[in-house]
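Some structures are shown below for you to check.
The same subunit A turns up in both complexes below, where it pairs with subunit B and then with subunit C.
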Partner chain A sequence: MAINKENYTRRDFIKNSGMIAGGVVLVSLLNPFKLVFATKKPVGIGKWYGVGIDIEKCIGCGSCARACKIENEVPNEPFFFRNWVEQYTIMNDGQIKVSSPNGGIDGFKQPVPDENIYKTFFVPKMCNHCAKSPCTQVCPVGASFESPEGLALVDQSYCIGCGYCVQACPYGCRYIDPQKGVVDKCTLCYHRLEKGLNPACMMACPTGARIYGDLNDKESALSLFVKENNCAVLKPQLNTGSKLFYNALSQEVH
Partner chain B sequence: MPLQVKRLLLAFAVFIAIMLVLKYFLTPDSWREYGAYRGKALTEISGKEAKYVEMETCAECHDTIAGLKTQGLHVSVQCEICHGPGYKHADDPDNNDLEIPRERQFCLRCHTKNMASPQDIIKQIDAVEHNEGEECITCHNPHQPWL
Partner chain C sequence: MESLYEALANLDGFIYPNEIALNWDLLIVMYPYITGLVAGAFILASLNRVFDIKALKPTYEISLLTALAFMLVATMPLITHLGQPLRFYEMLITPHLTSAMAIFGFVYLWYLMVVLLLEIWFDYRYDMVIWSQQKKGFMKFFYKALTLWISDTSPESRKTDEKFGYFITVIGIPSAFLLHGYVGFIFGSIKANPWWSTVMMPVIFLFSAMVSGIALVMFIYMAINYLRRKKTDIFCLDTIAKYLFYILILDFTLESLDQIHRIYEADESFDILKILVRGKLFFTFFIMQIGIGTLIPITTLGVLQFKKPRERTRKILYLIISIFVLVGIFFMRWNVVIGGQLFSKSFYGFTSYKVNLIGGTDVSLSLLWFIVPFFILAFLIWLLPPWKKFVEKTN
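Right, the complex of A and B next:
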């Protein structure tokens, strides 16, 4: 569409500008801006799993990480974890130390003498099963996906092992399985949930610091946990829609 | 219609036809059953065997110990945290023994003194001062520690 510039008046310009602006407003009314979800968020139907972790109850025994490795056949050598525990130590001079020897599987030692410690606590970490997960959105072949229950899963027979999702996850929850050459991550023990059992890490926790549940059901253990406690998610500024809720999360944790 | 446009359209048509044929043969069965992934992957993942059988299964045979445990402070500690996954043992108890950890170091995984552990939730001991070298289970019954 060419414009005849010689006979183009100010009136024409304003008229055309008005039409374009009106058109944009009309289209945006017909199709309003929606939040981007990797999968459709179910409204009131089916389950929508989330996880809750009570930092005040974690004793740092590492039973969760140990049980997870056995249940899901995670390679035993270090640095391959579906879930792990970190010990945060904030010293009187403001220095922050984070340690996680072998993911906490063999227990923790506190190298800092007690009198130098301002505050110290354990933070168990695992997949956040984000509703707007960065990891599933970058998969070039559709092997990483969110299940209808809101769990971020990997189709290992379809994964090409490019490792893009490993970099995309802001929480460091994925790894390339050295034997299979494909990506592996927490499934919230999907195979156990379907059989009516608790996920291995939830079962193994001796103090009940870890809970999971259906966020659509307002009476579920997790919904009540989020309701009764002041919960926070990790890296909220990234807008990942994380569904891992921490009670008593200190601002030093990232 | 000019000749060069006709040729271009023909080339496009051939290209689109090839793409459609490739798509027909390369798309897996259950693609887009729920979303842009193989729907069958869900059943493949959920079909894996569960290794931890949970306390109710243990109590079917070991009811005395399970009963004893409900009265002690270790009531919330699942059998398989200490004894390991029980799926083989539950299927065939005669040929698959579970581990019975007796070392002091094993108990200290949870009970070692650490400022990061909440004092009111777990009893902690100083591993150096508290009867060093002794096995914990000589004094404490792990199934009913403080009764």
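Right, the complex of A and C next:
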């Protein structure tokens, strides 16, 4: 490895580099690198979760959004939501008005006089837990992942906060937590499911407009809901494999 | 947070609540801008080397060093924008292979390590050996270290340098295409965003990159000669301007094709995008990107192809055009990155974005990452002065 040679050629350089590289490989063979997985796979419970929302039952009270903020410690500002409620008002002249003040947490007012309204309804929104989720596809480190139960989750200890998934979600369900600097989203209250409890939003809904369940089990409440109602998903043209099924979804809803 | 409340107060129509905050700010505008300058400058260097356009010889080393100077900071806007900047290395050690962004790290490293550094090394190796023999003390050691202690100056070794250098340039052209095409793909592959999601995006990014890189080298070449009080080779400038003109036309054609296609197809997103372009993007799109950045340079360069005024006038025109083009391409990146986040994916409204001129980290960091490369370039030119090279080489 002496380098005081008069005419040190590339051949020498390559020879020496080769020796070093070979040495590194040899040492690494002694203690082979374990394959590095981006995230640990959560222990599955053999289910394939989806969510059903009955628009005809939603009264726009915002309890779901409120419960979610409290249960999941979502920042209080009106820019960060794991779930929220939208109010759609279609007027007689065809104009469509949509609003979601503070995600519906404080309730809604209807500024349009009754006689001008063609129809109006509430649409609760949350993560669609897509089977082919575009958000997990784009995560550069694999911090966003799909659990074996079909839930799109985030490993916050691993997320680098690039925001690519926020851009990739067609439904606007993700946000960057300003305090933690990482992404946050609906987990269908995974921490509660694990304990056999229902998600907070489902517990809080006074009219039972929200259900969740195992799509693999054809007798589950959700499977029956999808079977008995004329259900649709949001933005089906994007082929995200959304598992959030709406009953009586109007075509105006995006 | 205050700016978010301001945005909330100025909402236009309906927007998903999580969309009020623009996640990708000015720093992400700088990222494709800087990467584009790298790819463009490199392609100009390749024109000289591979396609043997001799008139461009005075800019060969300048282009390479410019590309390297900007390449070294190209990832900084991205990293400083992360919510968790210290975790950036996770992207390299546990890349998630279905993510366009994860692969970018490798494309970047390939381009930096294999293409740029090697090409510059082979180009300067002989000179560095000579310089290491001429200098004393630390600089002697430094040049020696740069040559990797290879002191071979035989004619055969120089022939090999030339051969390898040429080979790497040939690999470098598709690599430069890959580098910036890839940046385009990061945006173009997002199906959730109709303003981004187009197969044209990588191609448009590539051509706009070439345009901006060529304009940058043109500007730097003139600036260096001004600072050194040397005469700028007008024939070289004319040639650069000619290529800038051709590629500008190509770039404009491709972008127009994309927009015309969008307008004619008029799919579900068309109504909101129409309002976006005519409203919130009017100034940055029509005035800055198309007017200043494209139409004025194309017209001026077009006229200059047929009618050549005095040398001095031409130089002033070239200087102005290079700045116009650089500004125009900056706003092109702005329109893509910021424009794509101003409208709601519900297609029912808009949020707003104001650059915090005072006190905002996005502006100060963006400026920093744009200015630092010029200092790096000054250092590189001091270290490896193109005009002190021993030029009686094989070509």
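Throughout what follows, the second predicted complex is superposed on the first by the 209 of 254 C-alpha atoms of A that agree within 3 Å, B and C clash if a C-alpha of one lies under 4 Å from a C-alpha of the other, contacts with A are read in each partner's own complex, and residues count from 1 in each chain.
By definition in this document, a contact is a pair of C-beta atoms (placed from the backbone, for glycine too) under 8 Å apart; a residue touches a chain by one contact, two chains touch by 3 or more.
Remember, it's a predicted structure, so these values are computed and weren't measured experimentally.
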Problem - First, second, both or neither for A:Gly60, with subunit B first and subunit C second - result: first
Exercise for the section: Considering only the touch criterion stated at the top, classify A:Gly181 as touching first (subunit B), second (subunit C), both, or neither. Expected result: second
Exercise for the section: Check whether A:Gly142 is in contact with subunit B, with subunit C, with both or with neither, and answer first, second, both or neither. Expected result: both
Exercise for the section: Return first, second, both or neither, reflecting whether A:Gly150 touches subunit B, subunit C, both chains, or no partner chain. Expected result: neither
Exercise for the section: Go through the superposed model and pick first if A:Tyr158 touches only subunit B, second if only subunit C, both, or neither. Expected result: both
Exercise for the section: Share the list of subunit A residues that count as touching for subunit B in one structure and for subunit C in the other. Expected result: 142, 158
Completion exercise
Listed in rising order, subunit A residues that touch subunit C in their complex are 3, 6-10, 12-13, 36-38, 77-81, 84, 86, 96-100, 102-103, 125, 134, 137-142, 158-164, 166-178, 180-183, 238, 254
Exercise for the section: Write out the stretch or stretches of subunit B touching subunit A in their complex. Expected result: 28, 31, 34-38, 41-42, 44-52, 54, 74, 76-78, 80-81, 84-85, 108-110, 112, 114-118, 121-122
Practice task
Provide the residue numbers of subunit C that touch subunit A in the complex, in ascending order.
Solution key: 1, 4, 8, 13-14, 16-21, 23-24, 78, 81-84, 87-88, 90-91, 93-96, 98-102, 105, 148-152, 157, 160, 186, 189-193, 340-341, 344-349
Practice task
Using the touch rule from the top, collect the residues of subunit A that touch subunit B in their complex.
Solution key: 39-40, 56-63, 67, 70-71, 87-89, 106-110, 114, 117, 120-122, 142-148, 153, 155, 157-158, 187, 189-195, 197-198, 200, 203-204, 206-208
